[in-house]
Amino acid sequence: MKAAIAGASGYAGGELLRLLLDHPAIEIGALTAGSSAGDPLGAHQPHLPSLAGRVLLDTTPEALAGHDVVYLALPHGHSAAVAEILGDDTLVVDCGADFRLQDAAAWEHFYGGPHAGTWPYGLPELPGQRDLLKGARRVAVPGCYPTSVTLALFPAFAAGLAEPDVVVVAASGASGAGRSPKPHLLGSEVMGSATAYGVGGTHRHTPEMEQNLSRVAGRPVTVSFTPVLAPMSRGILATCTAPAAPGLTAAALREAYAAAVEHEPFLRLLPEGVWPATSMTLGSNTAALQVTLDERAGRVVAVIAIDNLTKGTAGGAIQSTNIALGLAEELGLPLNGVAP
Amino acid sequence: MKAAIAGASGYAGGELLRLLLDHPAIEIGALTAGSSAGDPLGAHQPHLPSLAGRVLLDTTPEALAGHDVVYLALPHGHSAAVAEILGDDTLVVDCGADFRLQDAAAWEHFYGGPHAGTWPYGLPELPGQRDLLKGARRVAVPGCYPTSVTLALFPAFAAGLAEPDVVVVAASGASGAGRSPKPHLLGSEVMGSATAYGVGGTHRHTPEMEQNLSRVAGRPVTVSFTPVLAPMSRGILATCTAPAAPGLTAAALREAYAAAVEHEPFLRLLPEGVWPATSMTLGSNTAALQVTLDERAGRVVAVIAIDNLTKGTAGGAIQSTNIALGLAEELGLPLNGVAP
Amino acid sequence: MKAAIAGASGYAGGELLRLLLDHPAIEIGALTAGSSAGDPLGAHQPHLPSLAGRVLLDTTPEALAGHDVVYLALPHGHSAAVAEILGDDTLVVDCGADFRLQDAAAWEHFYGGPHAGTWPYGLPELPGQRDLLKGARRVAVPGCYPTSVTLALFPAFAAGLAEPDVVVVAASGASGAGRSPKPHLLGSEVMGSATAYGVGGTHRHTPEMEQNLSRVAGRPVTVSFTPVLAPMSRGILATCTAPAAPGLTAAALREAYAAAVEHEPFLRLLPEGVWPATSMTLGSNTAALQVTLDERAGRVVAVIAIDNLTKGTAGGAIQSTNIALGLAEELGLPLNGVAP
Amino acid sequence: MKAAIAGASGYAGGELLRLLLDHPAIEIGALTAGSSAGDPLGAHQPHLPSLAGRVLLDTTPEALAGHDVVYLALPHGHSAAVAEILGDDTLVVDCGADFRLQDAAAWEHFYGGPHAGTWPYGLPELPGQRDLLKGARRVAVPGCYPTSVTLALFPAFAAGLAEPDVVVVAASGASGAGRSPKPHLLGSEVMGSATAYGVGGTHRHTPEMEQNLSRVAGRPVTVSFTPVLAPMSRGILATCTAPAAPGLTAAALREAYAAAVEHEPFLRLLPEGVWPATSMTLGSNTAALQVTLDERAGRVVAVIAIDNLTKGTAGGAIQSTNIALGLAEELGLPLNGVAP
């Protein structure tokens, strides 16, 4: 199989390439970009010497034609036009937000502009979702924050152990903000400092979290979500809490989580008493998870660490690719990270 | 006035010295330490050349005698014995936890061992507290996390705008864990990684937060508290949420916060839309604060940034010292930070 | 006295303001900017709440008129025009490069465009230089790297203890590159990585180092200079080596350094065996210095740490201001840093 | 083939495991440790879920017996005793310093204690060395700094383009100092700060660099070496300079480097004008290299970036293993890194 990447000069594109270089069943085809078209890839992804001499093409139908898979790592709002020109036989995997939401009004409220539609949602761990991805030819890769929050809380909601009033605070590395230079993302501003942003329900990933958790819970779940920019390049550490269902015990909670992750290749419930660190997952497709019952406060507290670019973006995209193409789900995806 | 510092080789001690060096009314007297006694201060605080040649003494009654103020920056459980031997005329300011809690059972549960007692609580911004500190000769400096959380939420609870079911996630720099070398605090472990710890109501600062907020609210407040170790040396960024009181409007919320900080020299409500970063407060005694009403989720969300060693420890200690001694509250305390 | 700052929205401007806020003899007057004119200062320097409401003016003759001191923190090439319109009675302190070099050809080679001239060089520690600054009404503040390298090696060259074949490798924090957003300065690029740049004699600060050291040595000194961008916000750590003069002993070397720093308020020779760290000088005007004789390699090795924004820019500027205005040289300048 | 790792709880051990997990021809056998024996590996290497349940054994002959390869990642001075009990048919690869030096006097001067001997030196890129590793059953893995410096300068010395008076300043991440907790390695000390150590020819890696470069140059080379601890977890960026040979041109220099790396799978000469960053090599076995001629200063300046734990330790060890065992040299070794 052959894969093209549209948006190969950015962080998501670079991570897709890093992973695909080790994928035994997918060959890397055309690499395209916007303003960087014409540059050698090495000018943008100097950590990938194997591809240093590959030249970035313009993002045109011709360039993307003739591939089995096309990954779109484009700014929001650009995926629909590109997808339209690709045939129905091509697997199109969108790392952007365009096709994640089912609710057109929520899309328009949070993103502006018309809603492009809804594609099969690329989070295989979401109960029932894996089957919907088999044979799919369109996949909407989840946002990095929604991936983390959904994986942290679906076991509780699926088992009816939590009330639908969720509070999430998630620290993310700076790569989550992308590669466009902005003053507040300068190294001198970011290092040594933590800062909140998109507070009070204004972050675009909020409705996606609510969509996922409501589906699992079978009733509307609201999420108070606060993202925090932390002084690191990669990683999300999400602390996710919800009121405990009446009578919940710590043992029942842990049992539900153990059962939920049992057959999941990329979900890892840590030994009791060990809490996730993003360094446990750097560069890997693993989500490190822990949960406890705070009996004083009457809340379920789940903490999860993922690599925002791997499980949170490119790794998740390849995991869904594998399922859609009928390959083994784990193919080409690292379980183990790089530390320290 | 002359001040002694017991525990001058640690981080709290170093920050006390940095601030006192610029204090116009307090002279630095004896510096004592535990295992570092006999060393020149320069071996432990190389950023303070003005005091490099001062020799650390053993922490004895003789060394601490004859000072107007004695700061205790000792491991938990050691302050009572030292305080006892200092006369009632000496102002003793304890940067440790020994005298912060009123509830002996909570003390014993969270810290172990017998409760040493309760001293006037050194958080002048807590409604009614400033008066209790005037003329005090014993002061319990608040914990760094409780300082941040209490300052972030007291305006809401004092005005009856929030329900007593608080969720806090707070990122802290590594200096909050002190100077004793432990494997998980190594630079190679900490850099590039965020990790949760003390999750599920087990962190010792939890009952202190509840004590403060319950007092302001006039009814029991529970706090679900998750601390996060972030890859930075200093700073706390606390995201604090509570259910909004029925009928609360964003305008009423902001008004209450504006009124609460109006006469506070060290509380700063940021302009609307600007969210706190710890870099705004590095090295200063200022708390940078912002609040919003998340109408989707029905919650008040307050975010605060402080320097854990300044406003969170040594600066707070000196602020209370100033009040206790009848000096101007702001004396010797920096309002402005060091950035970038 | 009253000081205006042209370029108050950048890093040098912010550091000037931080220091001037604590200067007992200088009041802060007009603050001007380029594209940020019209903004409140708080939008650009959120760590300075004392000045948050001050509005940035356009950089015009009218705005800068009527001040005793005008600090220019402008992009290279803009200082001459502004200085011209300020009267000869006004002390103009240029934090840019325009007036640092004596050699017009070197200027044109390294900076391009015509050489604006040469002003008294604001490095009081350079032998003989302090007297030239007394009463000066124009001062060229040294570059941050040349400040560090000159202070590290002048004692050796002044005493004839080193040969003029200098090799310098200096790590700098990202604030040295300024506040304009560029892709390679993004936090996600900078964190966790060290990179060399301007290698092979191409960095603009090279001729300035050679100018200073040649003057001290009394013969031409060449410098092989390699700057390194290190993952930190502030600080320069410069490792400076030169062949030892024949017969040099370690004792003689140390003696020369001890003598050279003896009466210097901001130079600190560390105790033997202690090597500088930038954290020793963060936020202070102190240079932390150590030297040794590598007998195997036959080289003098001097290492120095400074804060690039304080001693390396704004602190150095104020130190020269104090001398030029006849104030005490140390006035308003912190000796002690902020750590950890 | 089956490999045992003695010292599996440390950083070198962890990196060996990370790489061996992806090695198609080597299976992971016994894992041993010192004081951590009895622990599950997951307690020490939480980034390696694939091995989380493996239990660390005591480092005994029995545990290490029956393997084709035994990796020793032990504190200095412990390898000889362990190696002795392993048969001559076992490939023993020592990641420690015990068998690196040929000069017993240099060993005793820099390390203390008796010299254990000299094993084939595991740096295949050193001219002539690759052949000496074929079929070897003992390999001394080079130190991380000597790996970087030797790779940066051997092309110049092999071609006679540089004089033997080398100056090196190399920034290293904190993992180079190992996993034993020490106060100066605490995150709060390391973050935001760069510091020199082992200055003046006292660092133990100095004689190893001189041994390598002297061999290539065919005459004694002296190295003035200054290591710098930089605020990052991984990576070495070494700036290496030497006087240019008379008449050297930039073109000839580049040509020599291009020729030297041409057939080397893990040496990468960057495009002209691009300088190495450690982020280009994180997690990979690649060395990123650039060189220039500083005509002003008359020096060759070569800069190299490696991952100290991969190419600098574990990757280098596996590269030599592959050669010794007759496998393809690149087997199981990542060319591409993880960034940002």
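To keep things simple, chains are lettered A, B, C and D as they appear, and every chain counts its residues starting from 1.
Here, a residue touches a chain if its C-beta (ideal position, glycine included) is under 8 Å from a C-beta of that chain, and two chains touch if they have at least 3 such contacts.
A quick map from chain label to UniProt name: A, B, C, D = N-acetyl-gamma-glutamyl-phosphate reductase.
Note that the coordinates shown come from a computational prediction; the quantities given were computed from them, not determined experimentally.
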| item | value |
| --- | --- |
| Shared interface partners, meaning chains that touch chain B and chain C | A, D |
| Taking each chain's C-alpha mean as its centre, the one farthest from chain D | B |
| Contact-richer chain pair (by C-beta pairs counted) among A-D and C-D | C-D |
| Rounded Å distance, chain B centre to chain D centre (Cα mean) | 45 |
| Chain centre separation in whole Å, for chain D relative to chain C (CA means) | 37 |
| Junction residues of chain C, two or more chains touched | 11, 175, 186, 188-189, 191-192, 231-234, 277, 279, 282, 340 |
| Residues of chain C that touch chain D when the two form their complex | 165, 167, 169, 171, 186, 188-189, 191-197, 199-201, 206, 222-224, 226, 228, 230-235, 237, 239, 241, 275-279, 282, 290, 292-299, 301, 303, 305, 340 |
| In the complex, chain B residues that touch chain C | 11, 14, 18, 21, 42, 45-50, 175, 191-192, 233-234, 268, 270-271, 274, 277, 279-284, 286, 288, 335-340 |
| Chain B - residues contacting chain D, complex | 11, 173-175, 177, 179, 181-183, 185-192, 231-234 |
